[in-house]
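Two complexes, one shared chain (subunit A), two partners (subunit B, subunit C).
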Partner chain A sequence: MGSAPASEPATGEVHLRPGVQTAVKLLVVGHFAVGKTTFVGALSEIRPLRTEEVMTEAGAIVDDLAGMTDKTTTTVALDFGRLTLNDRLVLYLFGTPGQQRFAPLWHDMTRGALGALVLADTRRLGHSFEVMGVLEELGLPYAVALNQFDDAPAHELDEVRDALDLLPETPLVRCDARDRVSSTRALISLVEYLLTRIGHLEHT
Partner chain B sequence: MTARRRPADRLVRSYVVTDGRAHPTRNTLDLVTLLVVTDDLPLTGLNPEKRRLMELCRPGALSVAEVAGHLSLPVSVAKVLIADLMDSGHLITRAPIPAARPTDARILQEVLDGLRARL
Partner chain C sequence: MTGPTNNALGWMLDEVLKVPEARHAILLSADGMLRAYSKDIDRDDAERLAAGLSGVQSISRSTAEFCGTPHTPWRQTLIEFADGYVFLVAAGEGAYLAVSTGEDVDMEAVTYRMHKLVDRLGKELTSPARQDTGSPA
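After this line comes the complex of A and B, so read on.
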């Protein structure tokens, strides 16, 4: 949980390379136990970190600091990892809970985010609607990746697309969140989609 | 990832660390704003949390989120400390992509190239 002791910064891996100038972020979202932490862990070059935000049920993030009692505050944990993409660009991945009631937290995370990857589980597709609804409200573009659980029934992607009521252009891919290459491919699908959207925006 | 009631897991309450303040002195800090320690300003007068933060950042740049994670502080608390250290000249920042243009094609292409190179 979020109470892990502060990690001792080891040499090397912890800090960014000297030339890194620009940071971008992508969100990895999905319902409880869909594999967000696993996904971030498979891709991150650093040991994934966890931080937290404290907020009231009503949503004010900083009420904890004003000395509110514990009864009204909820802690939302964020897992995140880092990928240095080239000498000057670093990508952060934030694995975040997708519940509507955390929407105020989302505003902070989604500001400046390039897009989101929705992780979904074919055994619980219905749980993904809330997450996708929040992203649509926030205007954050997303792709959907089906995390392959060993005991999950095999569905055709077309069936899943219908079940999730995805727009025709929304990417839908399979991935294994434990596997670095598979997870990287899912992110690539998302970023390719983000680029094609820009192409459309620029031509209209 | 899970919501939970806030446990009494910190020895020092957040509002003590921040001198009772709930908001940073500036609101330009993003989770991925990069923090860089400026040269050799003395740490005298800084409280223990700010010293820890400076020691953490001294070897190289880190994001706001990483600082919060390494120091086991909520992001909102870390931001208050970071803003103070910016005000005192101990830290400078490299801003993330401005929120106004997260859809910069050049940046997206760089991200895409970087990801493909990892396969």
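After this line comes the complex of A and C, so read on.
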């Protein structure tokens, strides 16, 4: 597809270009504290929707914050952002809450979605199985992006692929959720994968 | 995959704003995509609100068991702010209608107008608007 990230800044008024013909809804999923809100916020060309609340002591028993010293808030409903990939294609990004207690909400959010990007953290790869399991149950195709935390061990992608038991065709890439360009590349790998599955891009 | 909304039904949403104190109206699909919006709201804002309102509906519906019967159909969510209200109602299969108002609005008049509009939207949506007229949004 050869898409370059749109050149508009992440803030300010950016209106949808008149020629855009195809809208694709994608989910950004992953376990608690993996960087979903950061990812959607870095990518969105419009002011993103955020539903963050301060974490309370009540959640401390179930929400594992090991290695996450700066995290003080968590998404309780959804994140939303929009990214125009090229002259024809606009992506609508829906980020889910990470915790199991919000599962009914994110099942609703899969409605109308074409695919999902699973954000993963090499320090807690095992936490990603539950999310990938739900996607497989729903039949929603996905790609996996390793969010590169500064203090996380850098494993070879092949090792991570084995550890996550991914299918050979499932895209696996690295990204930095804070960085617009690298996050856009991760999304493009998902979109390209979805398009090869569909076979062709619908022109309506 | 669908096309982004061309706001072909936006003019119908403007109708509901004839109620004094009504501010904006948005029609959204159950999957959180914007379908139509009234004239004084910015499209980018409307898209973000559509996503948020789909979450509001989903979360509202998940509280049915608190009402006593887990499978009772959801009909409306009312949100109150210091400066006004947001009304969210079902608008046929897989669509919701949201209207924002000032604090002194006649709530009964708004919901009445909204349900009238939903009836009309239902007729419009079952016979899709032509795509070859007018200019894209």
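Here, the second predicted complex is superposed on the first by the 137 of 204 C-alpha atoms of A that agree within 3 Å, B and C clash if a C-alpha of one lies under 4 Å from a C-alpha of the other, contacts with A are read in each partner's own complex, and residues count from 1 in each chain.
The rule we apply is simple: a contact is a pair of C-beta atoms (placed from the backbone, for glycine too) under 8 Å apart; a residue touches a chain by one contact, two chains touch by 3 or more.
Predicted model only: the values in this text are computed from it and were never measured.
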| request: Answer with first, second, both or neither: which of subunit B and subunit C does A:37 touch in the superposed model? | output: first
| task | Give one of first, second, both or neither to describe whether A:172 is in contact with subunit B, with subunit C, with both, or with none. | result | neither
| request: Considering only the touch criterion stated at the top, classify A:108 as touching first (subunit B), second (subunit C), both, or neither. | output: both
| task | Identify the partner contact of A:75: answer first if only subunit B is touched, second if only subunit C is, both if each is, neither if none is. | result | first
| query | Thinking of the overlay built on chain A, is A:94 touched by subunit B (first), by subunit C (second), by both, or by neither? | reply | both
| message | Looking at A:188, would you say it contacts subunit B, subunit C, both, or neither? Reply first, second, both or neither. | response | first
| task | Have a look and say if subunit B or subunit C is in touch with more residues of subunit A. | result | B
| message | A:125 in the overlay: touching subunit B, subunit C, both, or neither? Say first, second, both or neither. | response | neither
| request: May I ask you to decide whether A:51 touches subunit B, subunit C, both, or neither, giving the answer as first, second, both or neither? | output: both
| task | Considering only the touch criterion stated at the top, classify A:23 as touching first (subunit B), second (subunit C), both, or neither. | result | both
| Footprint overlap on subunit A, comparing subunit B with subunit C | 14-16, 18, 20-25, 46, 49, 51, 77-78, 80, 82, 90, 92, 94, 108-109, 111-114, 202
| request: In the complex, go through subunit A and note every residue touching subunit C. | output: 13-16, 18, 20-25, 46-49, 51, 77-78, 80, 82, 90, 92, 94, 104-105, 108-109, 111-114, 202, 204
| note | Touching subunit B in the complex, subunit A uses residues 1-7, 9, 11, 14-18, 20-25, 32, 36-37, 46, 49-54, 61-67, 70, 73-80, 82-83, 85-86, 89-92, 94-97, 99, 102, 108-109, 111-114, 180-181, 184-185, 187-188, 191-192, 194-195, 197-199, 201-202
| task | Going by the contact rule at the top, pick out the subunit C residues touching subunit A in the complex. | result | 1-4, 29-33, 42-44, 47-48, 51-52, 54-56, 58-59, 62, 136-137
| query | Across the complex, what residues on subunit B touch subunit A? | reply | 1-9, 13-15, 18, 20-23, 30-34, 52, 56, 59-63, 65-66, 68-78, 80, 94, 96-99, 102-103, 105, 107-119
